Amino acid sequence: MKKIDAIIRKSKFHEVRQALHDVNVYFFSYWDVTGVGHEKKEHLYRGVAYSSSDIQRRYLSIVVNNDFVEKTVHAILEAAKTGEVGDGKIFVTPVEDAYRIRTGESGNLTLK
Amino acid sequence: MMLCTALVFFMHLGFSFLEIGLTRQKNTINILFKNFFIISAGLVLYALIGFNLMYPASFWNGILPDYFVGLFGLESPIGKEGLDLAYNEGYTYWTDFLFQGMFAATAATIVSGAVAERAKLGSFFVFSILLIGLAYPLVGSWKWGGGFLDEWGFYDFAGSTLVHSVGGWAALLYIMKLGARIGKFDKDGKARAIPGHNLPFAAAGVLILWLGWFGFNGGSVLSADPGLTSLVLTTTSIAAAAGGLAAAGFVHIVYKNFDLTMFMNGILGGLVSITAGADLMGITDAILIGASGGVIVVLAVSLLDKLKLDDPVGAVAVHLGTGIWGTLAVGLFGSSASTDQFLIQLTGVGIVAAFCITFSWVVLTLIEKIWGLRVVREEELDGLDQAEHGGMTAYADFRMNQH
Amino acid sequence: MMLCTALVFFMHLGFSFLEIGLTRQKNTINILFKNFFIISAGLVLYALIGFNLMYPASFWNGILPDYFVGLFGLESPIGKEGLDLAYNEGYTYWTDFLFQGMFAATAATIVSGAVAERAKLGSFFVFSILLIGLAYPLVGSWKWGGGFLDEWGFYDFAGSTLVHSVGGWAALLYIMKLGARIGKFDKDGKARAIPGHNLPFAAAGVLILWLGWFGFNGGSVLSADPGLTSLVLTTTSIAAAAGGLAAAGFVHIVYKNFDLTMFMNGILGGLVSITAGADLMGITDAILIGASGGVIVVLAVSLLDKLKLDDPVGAVAVHLGTGIWGTLAVGLFGSSASTDQFLIQLTGVGIVAAFCITFSWVVLTLIEKIWGLRVVREEELDGLDQAEHGGMTAYADFRMNQH
Amino acid sequence: MMLCTALVFFMHLGFSFLEIGLTRQKNTINILFKNFFIISAGLVLYALIGFNLMYPASFWNGILPDYFVGLFGLESPIGKEGLDLAYNEGYTYWTDFLFQGMFAATAATIVSGAVAERAKLGSFFVFSILLIGLAYPLVGSWKWGGGFLDEWGFYDFAGSTLVHSVGGWAALLYIMKLGARIGKFDKDGKARAIPGHNLPFAAAGVLILWLGWFGFNGGSVLSADPGLTSLVLTTTSIAAAAGGLAAAGFVHIVYKNFDLTMFMNGILGGLVSITAGADLMGITDAILIGASGGVIVVLAVSLLDKLKLDDPVGAVAVHLGTGIWGTLAVGLFGSSASTDQFLIQLTGVGIVAAFCITFSWVVLTLIEKIWGLRVVREEELDGLDQAEHGGMTAYADFRMNQH
Amino acid sequence: MKKIDAIIRKSKFHEVRQALHDVNVYFFSYWDVTGVGHEKKEHLYRGVAYSSSDIQRRYLSIVVNNDFVEKTVHAILEAAKTGEVGDGKIFVTPVEDAYRIRTGESGNLTLK
Amino acid sequence: MKKIDAIIRKSKFHEVRQALHDVNVYFFSYWDVTGVGHEKKEHLYRGVAYSSSDIQRRYLSIVVNNDFVEKTVHAILEAAKTGEVGDGKIFVTPVEDAYRIRTGESGNLTLK
């Protein structure tokens, strides 16, 4: 099992979600984070112009079985891309075990 | 009377709250800016042009106010009178101007709600300036300025048609041209919900509007006659209450659900319905008119969804739907009810409709050609606050969901 | 006078803001719906039944208004008079109706705050209908309708007892029957805090209520006498200010802390306290009565916590506690102060208490039997917006904490 | 008139909303507490001391009101008159007191906005008590109490100088002594933005203030003369609209951006500008004065940034900048315009400036010595709600960003 | 050391917290996420009925020493269960090192 | 590659950010969490005094190449420290792979 964490643009969320759906990934959790990176945004507030590299992004956390890793990553890579600086990153980390609370079962089948 | 003006002014807070409450947070600044612009520009414009246009000394063929033909100077036409005031107890030239100026801005605010979250700010400004500066006072002059509708006996106490449906028709045409917000209808054309981001604001907006209507209808008595004014306030409130209860009750029966947003729209529907004849109705009439207005709003909201028209705050349903109903109701209920009156009301509604549709269609087509009506896709997705207001966020310290 | 009515109407926004501000976000829609219902249903009901019940032509044995015995038709009893208005400068039959109708709804709103976050919506509606339609006008008729309390010389200028403590008693009985919210008391019975989710709303609510009180007390002069009205506004404001300062000061001494919520409740306590005798007091009296009211609220809030009664917005403390205090204060301060007056006030308070307790107990027991008073545990935990309002969320775009 | 008092009272909600809207959420409770304190303490203080100080029977050397020299008892000086009211239609002793008391509190509220997010609560309270109790009524007595400024012919209709610039000077001195908020200026002294956390509140605050100004200026006619009052309301509204448009337009040209916060400040600037001469101006004058006021606000905000002065809500720019402008404008526009009048206005502005600067400097230096003006660094970073209000949070159920 | 990430119903949070307390787990961090999964919720807004599988959930992140893993997981499994679809998941991932900022110390003892 | 998760006091965020900047760590994501731990805060609400160990904290998630781990951790350790209970924790976990969405590239160079 692997955990795939993707940090994407908020405006790309709907497309990514659809792409995941298309490769049969129906389960994940997401929340909003502030990303610090290359991209900068211009702001103006009461006559003070400033640029900030703190940009709101969406963080998706998806745990999948090993055979799903590749297609999940690819689905995100394609759907989240605009080609402009600030598209975000995907990280893959190992997961040792998973449990489904409803049934108490553990292992690969919890992710189906 | 002056305090009625204050209350009508306060309605603009009500409209702003309602509108931001029922839309998404990413467009909040944009909506507020729009509303500030309307009220400010509305007042100045109305001072420079509209007021004289609406209350002309004479008419050209009974249709175009002579003012329009003659003078169109830059110097403010009011202001000339100086302090030479002819007033009859509590009612002066200036009060009248201010009261009417607030009304004019109201018509544009109605449009603002319907086109929220996707209209280009600059283009909308051009449209509202023309609406406040030309269309509204022109229509208004036909009745309140003593024009042909007035001569025919058309009755519209405080503007079900002259204010609300003028705004409503403009709103309808605008959203037809503009198209729905991204995500409002799915691929199969089924309507989806885009929930408003701050319902307490929306609710506050409705109560403030109700309060403002005391001034709107109460002030339209145009005198401080306590008997008539108090009757008007009573019918107004009763119709609002009945409208809300009817709308909520109706939704409850259909969906088995206590729907707050429909309660709110129902109240507004009740208010708009009674506006045309608030001084002619008794309690029972007010209850019936208001309650029907509430139900009409619910049906109109569904109808718009079916027509794939997207009106985030329900402005068309409320102001156009019940504006027409309220105007017709003058011929059906209360002390003026008669077939003749009904037909006159119907004619009035029709003429105003024809004019507003034509006006809006022409103006919008021109604006579309020149500047475009709608922001580009990315700007809409990011939110207009980002695109048009330098990335100012309405709620800087809050964690938001965006959608 | 008509503008006083508008201000009293506006109090309903104040109550709504206060109530949602001091509760959790997951019940916001529910609270707003409740308040919209109360004001709408209250007006319609009061038009159909309450007004005639409260201002009857005659009494049966001096207790039951004859109206109650005789007519109970469906046709709206007001409305008959048509436009045959007997008014004395700025004060008409219709104004009176509207003003009193707003008062009636206020009594139910008080209950609404106390039972928030756990009461079943339908059951609450039944209770408020009976409260607004029967209990409130009946009690009101004893004094303002010229009934026996009035004959005895009982004094209640704008309703410390007739409005606030009627609502307060009903609220007390309701929360006793209902039980505390889950999590309000820990296993050892110690009170825990369930912080309100939007204190700016709550603060706005308090200021709006203060404003509304200008109409509430100012309008109760029932004439446009500028001398008396302005005195009343002054004593009202001074008492509010003194109540807030006293409550905040008292808490500061006890807890070494600047407690905003207590400042707010203290202001309301000051306002309710002065309500019974606003036209009889001087500045110094107003300060003393208001300040005591502020302290009483703080003590009453702690007392309720000790009794394991859960009142999220402090409605019982404010409206019942200082409602009683204000009524008694008429016998202690100001131009009517005397032992006799004090005893009459005490008797009045007692009789109203006895009636309201009995009424509420009977009605609540019946409702409990038939529909139950409280939502089930899961619904309470999920929030009533989820359970009763189709999962509408008050703040769709905000990330929330839930608890 | 009494309703004007109600509207002026309502301005305190406007100020509160504006102030919390333009600051960070972590100081919300603190700001609300401050505002509740000001209005409450202001009223009580003004009743005990200020009113008699401001409207004295006679002056000592034409400068110090005799009241100040003589009586300073604890017993409330008003209240003695009892119900012996000398009023001229709708205008009584009590109304006057209440109206003036609300004004007095306004001066302190202006300061409150400027010092937000870092001032020690207790020290601020001491300062506002002295400002409301001494400085404001003293300055007021020079003109409105019939003192030497009045004799010279200085004109200030509703307080551009007497209310707004008194508050503005005090605010300026206070923020100079206090220093900027941590993070407002970076190491190189460049100004950085600290965005307000709730712009809808701020926008609502502006609209409520505009509404309140109807009472502020309308009520300052001090009679119910409908002609003059309605003129005043019209010039007030037009100036507000022009101020907002000018400010927003000016920013749009410079920054290519629709800046809502500047629109809001521009409206307030227009309102303050017209306040000194609202009854002397025509429509065109009002537009010019208001629009200049709007531009002045924008420039003043930048100027303060350059001087490294930190005023979170723009109080100094709005109330001081345009307060001075408005006072001078009386000598430039409208029916009193003349070089003589201009010089008198200038002298008046200068004298008030000299007095306020001295007063504030002395008082602030003393307070700084005794208690300190500013909270410690950790408390500022954590937010004052944490430090001074027992960790109460304004938005308990919301996920917040903190900065 | 292991990191135990649990995604649970918000309404079960108090019980889970108590259960963790009972097995002597006093330290953790939590935040709210949106979960996408099997469970659906019905909504109604202005006459439009829709169902959504985006449901607010609470994400708990607990780093524990290896000997604590089992009881922590079991405590959550029991306390968070309702038996209905949507109870959530638990994931266990490896942690290489931990530091306590206050003292600068690292390793197992930082988790006590 | 490693993921460094740091849970810090909100009031220390600006210093930590500066410290990361100084060691050339320009990319990370952060969000706010509620931390449960030793530290307690006193609250007072409407006359009820209570203390809570639920304290708002900031969660920083930084993925770095192996040679950056040490200096990143040290930068945080120093900048986030006050010495009082409640300073927070740092956890290091393994990351198997990283992708940059904009370019589609993967591996170490995505973190530069």
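By letter and in written order, the chains are A, B, C, D, E and F; residue numbering begins at 1 in each of them.
FYI, contacts are C-beta pairs under 8 Å (C-beta built on N, C-alpha and C of every residue); 3 or more make two chains touch, one makes a residue touch a chain.
On a predicted model such as this, the values are computed, not experimentally measured, just so you know.
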Query - Steps needed, at fewest, to go from chain B to chain E via touching chains - result: 1
**Report entry** Distance from chain D to chain B - Cα centre to Cα centre, in angstrom
**Finding:** 34
Query raised in the report: Counting in whole Å, what is the centre-to-centre distance of chain C and chain F, each centre being its mean C-alpha position?
Result: 50
Query raised in the report: In angstrom, rounded to a whole number, how far apart do the mean CA points of chain C and chain E lie?
Result: 44
Report summary line: Where chain C touches two or more other chains simultaneously, the residues are 3, 195, 198, 255, 257, 259, 261, 389-390, 392, 395, 398-403
Query raised in the report: If you look at chain A, which of its residues touch at least two other chains?
Result: 31-32, 34, 43-45, 49, 93-94
Report task. Sort out which chains touch which and give me every pair. Result -> A-B, A-D, A-E, A-F, B-C, B-D, B-E, C-D, C-E, C-F, D-F, E-F
Query raised in the report: Of all residues in chain D, which touch chain F in the complex?
Result: 183, 378, 381-382, 386, 389-392, 399-403
**Report entry** Of chain B, residues touching chain E in the complex
**Finding:** 191-193, 195, 251, 255, 257, 259, 261-262, 265, 298, 301-302, 305, 314, 401
Query raised in the report: Mind pulling up the chain C residues that touch chain B in the complex?
Result: 1-3, 5-6, 9-10, 12-13, 16-17, 20, 28-29, 32-33, 36-37, 39-44, 47, 75-76, 78-79, 82-83, 85, 87, 89-95, 97-98, 101, 121, 198, 201, 388-390, 392-399
Query raised in the report: Across the complex, what residues on chain A touch chain F?
Result: 2, 6-8, 31-38, 57, 59, 73, 76-77, 80-94
**Report entry** Residues of chain A defined as touching chain D within the complex
**Finding:** 34, 43-50
